[in-house]
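Following this message is one structure expressed as structure tokens.
Letters A, B, C and D name the chains as they come in the text, with residue numbers starting at 1 for each one.
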Amino acid sequence: MIFASDNWSGASERVVAALAEAARKGGPAYGADDFTKAVEKRFAELFEHEVTVFLVASGTFANLLSLSAYARPGGIVLAHREAHINVDETGGTEFMTGGSKIQALDAEQGKILPEALAAALARTSHGYHSGQLTTLSLTQLTELGAAYTIDEVAALAGMAKRAGLAVHMDGSRFANAVAALDVSPAAMTWRAGVDVLSFGGTKNGCLAAEAVVFFDPRQARDAGYVRQRAGQGFSKNWFIAAQLEAYLKDGHWLSLARHANAMGSRLATALRGSKRARLAFEPAANEIFAIMESGLEEKLSKAGAAFYPWDPECLPVAERPGAGEIMVRLLTSWQTTAAEVERFAELVG
Amino acid sequence: MIFASDNWSGASERVVAALAEAARKGGPAYGADDFTKAVEKRFAELFEHEVTVFLVASGTFANLLSLSAYARPGGIVLAHREAHINVDETGGTEFMTGGSKIQALDAEQGKILPEALAAALARTSHGYHSGQLTTLSLTQLTELGAAYTIDEVAALAGMAKRAGLAVHMDGSRFANAVAALDVSPAAMTWRAGVDVLSFGGTKNGCLAAEAVVFFDPRQARDAGYVRQRAGQGFSKNWFIAAQLEAYLKDGHWLSLARHANAMGSRLATALRGSKRARLAFEPAANEIFAIMESGLEEKLSKAGAAFYPWDPECLPVAERPGAGEIMVRLLTSWQTTAAEVERFAELVG
Amino acid sequence: MIFASDNWSGASERVVAALAEAARKGGPAYGADDFTKAVEKRFAELFEHEVTVFLVASGTFANLLSLSAYARPGGIVLAHREAHINVDETGGTEFMTGGSKIQALDAEQGKILPEALAAALARTSHGYHSGQLTTLSLTQLTELGAAYTIDEVAALAGMAKRAGLAVHMDGSRFANAVAALDVSPAAMTWRAGVDVLSFGGTKNGCLAAEAVVFFDPRQARDAGYVRQRAGQGFSKNWFIAAQLEAYLKDGHWLSLARHANAMGSRLATALRGSKRARLAFEPAANEIFAIMESGLEEKLSKAGAAFYPWDPECLPVAERPGAGEIMVRLLTSWQTTAAEVERFAELVG
Amino acid sequence: MIFASDNWSGASERVVAALAEAARKGGPAYGADDFTKAVEKRFAELFEHEVTVFLVASGTFANLLSLSAYARPGGIVLAHREAHINVDETGGTEFMTGGSKIQALDAEQGKILPEALAAALARTSHGYHSGQLTTLSLTQLTELGAAYTIDEVAALAGMAKRAGLAVHMDGSRFANAVAALDVSPAAMTWRAGVDVLSFGGTKNGCLAAEAVVFFDPRQARDAGYVRQRAGQGFSKNWFIAAQLEAYLKDGHWLSLARHANAMGSRLATALRGSKRARLAFEPAANEIFAIMESGLEEKLSKAGAAFYPWDPECLPVAERPGAGEIMVRLLTSWQTTAAEVERFAELVG
């Protein structure tokens, strides 16, 4: 019963097999290999658009590389308060983009509110002192389990771009979002105004494989240098390319995500039916937030369930856990089994 | 006939098998997994010393993480002019350590000369203007194929430490050096005064696996933050740990390196016997530098040999290629076959 | 009627005379001159403590130099949301300290609340991801015109230091605060737990003169390098030293501040008596915040009054301007005349 | 007999008077004052070109602000080994430009040789690893007392610009160079291909006043943010503007420089006639390098002469001091008196 995070999962057999195959022979270093070329072509097909792709080994660095492309002195990145870039990356954005500040916007279940964005864009600056807005960063799935609709992405991206900002999508769980909304990758990204995407593979069946996808090659001008000087321009670049090649081939990535989402859906159903626990939010895919009786969480842990408590400040005051209750986060993955979910369901009654 | 670089090699079967095994199940994220714990223990045994180990995915980042531990405002890192950190890492040291300057020292076949180090340490500074010396970085094997003897490491490290500098060893080819000198890892590092080691695995049988090994835990105080904010604190940390576990087990790493060195030795022999080519330096392990007739290199390429030209400025003026000659670098790896070397030997006549 | 900012003022005659005197002759560069030595001694006397002093030319840089001394990778600085370092320094802290993040704390009239600090210190971190708390920064006077009492400073500083944080005081208006509270500089700083002070001179009679005062020389170890590489280690360091020498001599700085505060007090009295305007906060010294009828502000501007509108978000919801009202900030300085205040008082009726 | 540096001088009476006048009244903050507007206009007239000017308080920061405008990830600045940015600014370029590396070029008396520049531009890079060339920085006067002719500047700048680099001139002693060559500021800069100039005032009669002059406003796009976040966007910006206004008015700056140069010329004449000392280089303006008998320098110091020893590595081997000789640097300034020079001449016999 591993619901701690989808990053506790292993890697899918197909991905591992592809990696083993690539590892048998090796190839020219630093991305001159065939796997890299193949996967770059595949990304262009997947997104139905010319793309410039940089393979990297972590979602954190995918975000940093994306944001670096738009960083300017005194730059400000707009994001949700609980955005991974704001609270889980050890100040990576501040350091790696050369001093950008992250300005947190109000959100609902991690989805930035248009009014909050409008207010941030409208705020009168006082000359150079207040810095310059450079980028809007949206997380899809959000950190709180919701999915922006395509219209929502387009609306926010449109506002941002009219104000001269670039639009970044942190797609650490891009696959889960695409599967949940049943839309095309193109619709979710460049057609809706996204400039650069952190395309995640690690959480959904890869070992360590992410791609930064720029939809305008000119914006990728310096990204190769940024990647190299951070030590993520790998000599054996094929170790990422081979993973992603298998991941993307024949829609494998979406099959994996659909499974994770289906398990999330079952988990949500179980929580809706529980008397000792309830959903904190309606989930869109594989991230489930629940409020449960305090004793229950201990019982679950003892029974072998792994999951994390969550700070309820992300909930409206009226919906927060009462006395004797706690909030937890539960994540399903491509590796979660129906048996795990059923066992959990029994335990939460 | 791949002599372009040892990083063109694939990965050893044992390493891949261990990775596949780890990938089947996954595990707790960010280094809380069993593979990570096991490999940390293994490093302590290997070095016969308490160590604090940080697993990372590239040699460049291993160097950056190492150097970051000693970085200070206005800091200066002493290194050989052709050190990887100086010419191959896209200004990584300058950026990732928060503005350190690299000061190049005179060297012989990449081995920093004691007199050059003494001069750098003795140079009278003018207050804050000239910055502060923080670290001496030695590369073992050097970028030009030589190996520092233990006494040489100890002498340079001693001078540096008496002047208050930390000592870093870039051991991208540490295995080849240990195999070539037939010494213990402990003797080569902390016993000789090395504070932190970039321990390479990628070039010698891994896919992407390096370790930063601190011999004094206090010096590692901030390294976890530095690694995380650069996006090299991997959720599936076991993907590196499993590689290194197999790499270190039963002396696999040294077997691989011995093979690479043996192939290098044969290649050197072939060049010594050639009428159209000669050794530029006496090689210590698997990096061979040759000077050859200009036509020969084309013939080799056509026959399928991969290798790179090299800038002869690293040679004393008297030993540089004459008219109609060029300098090239040839690298053997754990994957190089005797047949490849023999074929090459025939071609250089 | 200049109430726009105390930094619109000129410089006091004594300060200018001292500067002119110093300029006649010049002297050894980079702080080896007599003025610098004299002013360093004076600071030690003023604070009744050994101090290490770095003269700089702006309050922004004084803050950056102070915070740099405690910066660490993944570092987090706790401050009030409207702190100058957070909203008026163009991301200086993020850039110049090598990537620190500023985490905003709840406050009342700019005074950080103990509960907010306690919550920030207690928040369970998740390993390296969330970064490390390094420094608490207090602004005295606050940006909203309040003054921390000595007990308040001591309480917050005590909490911070018990948690391992350093304590910085942004004393851009330190003189106004000391004058308002009628306490000793020592009591306000190191005796209350402050580690480093940005001691302001520019707003209160100097041209461009601030001092970073460390109360523990060991913490100043790298500050000289930080100052020099930012181009604030001035060759003619005496141009700042001479200003501050005159500023500190015979209590000149406090006389100037007392005058500014007295003018602030008169302005507050006028606003208390007005029917068309009211105080937004009770001011402690020379920063006055008022809420006034919308038309009035135009009338004042036409009559030659200079002042800035202020974002009322800093007020509790219930106290914010109603329909037809706006919030403004008014600052008095050492140069403000009673006639200016009286004229203003007449206009606000 | 102060020949230690021109930055040991005081400030000219006119400059001090203008500053005192400005200080009497003060004015709108952050460059909205009349002095700033006036001086901006004056710079445009002086350079016979549209300019975007940023006033700063030190030559080091003028260089940093200039170079920041062209900095890119993995960026490389080409400069002479003894360039101030390379050896006297505490790694400022490396830090403040976000990680640029300085690559030293061969030079003659500090003047970069065309062949050295050509070699640096031609060097084949290996992908992203070697970084990207961004800027050529020329120092005029050089650090070793020579002046580039206009043709020399144009030749180097032309080569750099054809290769896509920007051209920076460190004009810390721009006035001395203009006076020595008797050319127009326009001819020396934008007409010869210079993109941005660090225009120095401090060494030649100001207290702390430098200007960064961009000749293409588009290149200055982010400079305001860079200046502000480094704490060199001064609230009382008029304190620099007033100095420079007086400095530029009626050719005062050139009168001061001509005097300094004339004193330098006399000093050179004295050295040419000496039996115990000789010129190390032919000086162009106010920087004189001499080689003297070892005892003589002590005698001079005892007699009250201030000057610094200099590392003779900047000389060709054949011209270096012999046994019993040392090399020294002597600087004259606007404040140097003929009496000082004469007394020195007597002492060197």
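Keep this in mind: a residue touches a chain if its C-beta (ideal position, glycine included) is under 8 Å from a C-beta of that chain, and two chains touch if they have at least 3 such contacts.
Predicted, not measured: the structure shown is a model, and the values here were computed from it.
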item: Third chains touching both subunit B and subunit A; value: C, D
item: Repeat of the A-B interface, chosen from B-D, B-C or C-D (over half of contact pairs identical by residue number); value: C-D
item: Averaged-CA centre spacing for the pair subunit C and subunit A, given as whole angstrom; value: 41
item: Chain centre separation (subunit A, subunit D; CA means) in Å; value: 50
item: Subunit C residues counted as touching two or more neighbouring chains; value: 73-74, 89-91, 95-96, 98-99, 128-129, 131, 225, 228-229, 233
item: Subunit D-facing residues of subunit B, complex; value: 73-76, 87-91, 94-96, 98-102, 126, 128-131
item: Interface residues, subunit D side, partner subunit C - complex; value: 2, 4-5, 7-11, 15-16, 19-20, 22-29, 56-64, 89-92, 95-96, 202-203, 207-208, 225, 228-236, 239, 306, 335
item: For the subunit A and subunit D complex, residues of the former touching the latter; value: 30, 68, 72-74, 98-99, 127-129, 131-132, 222, 224-229, 233
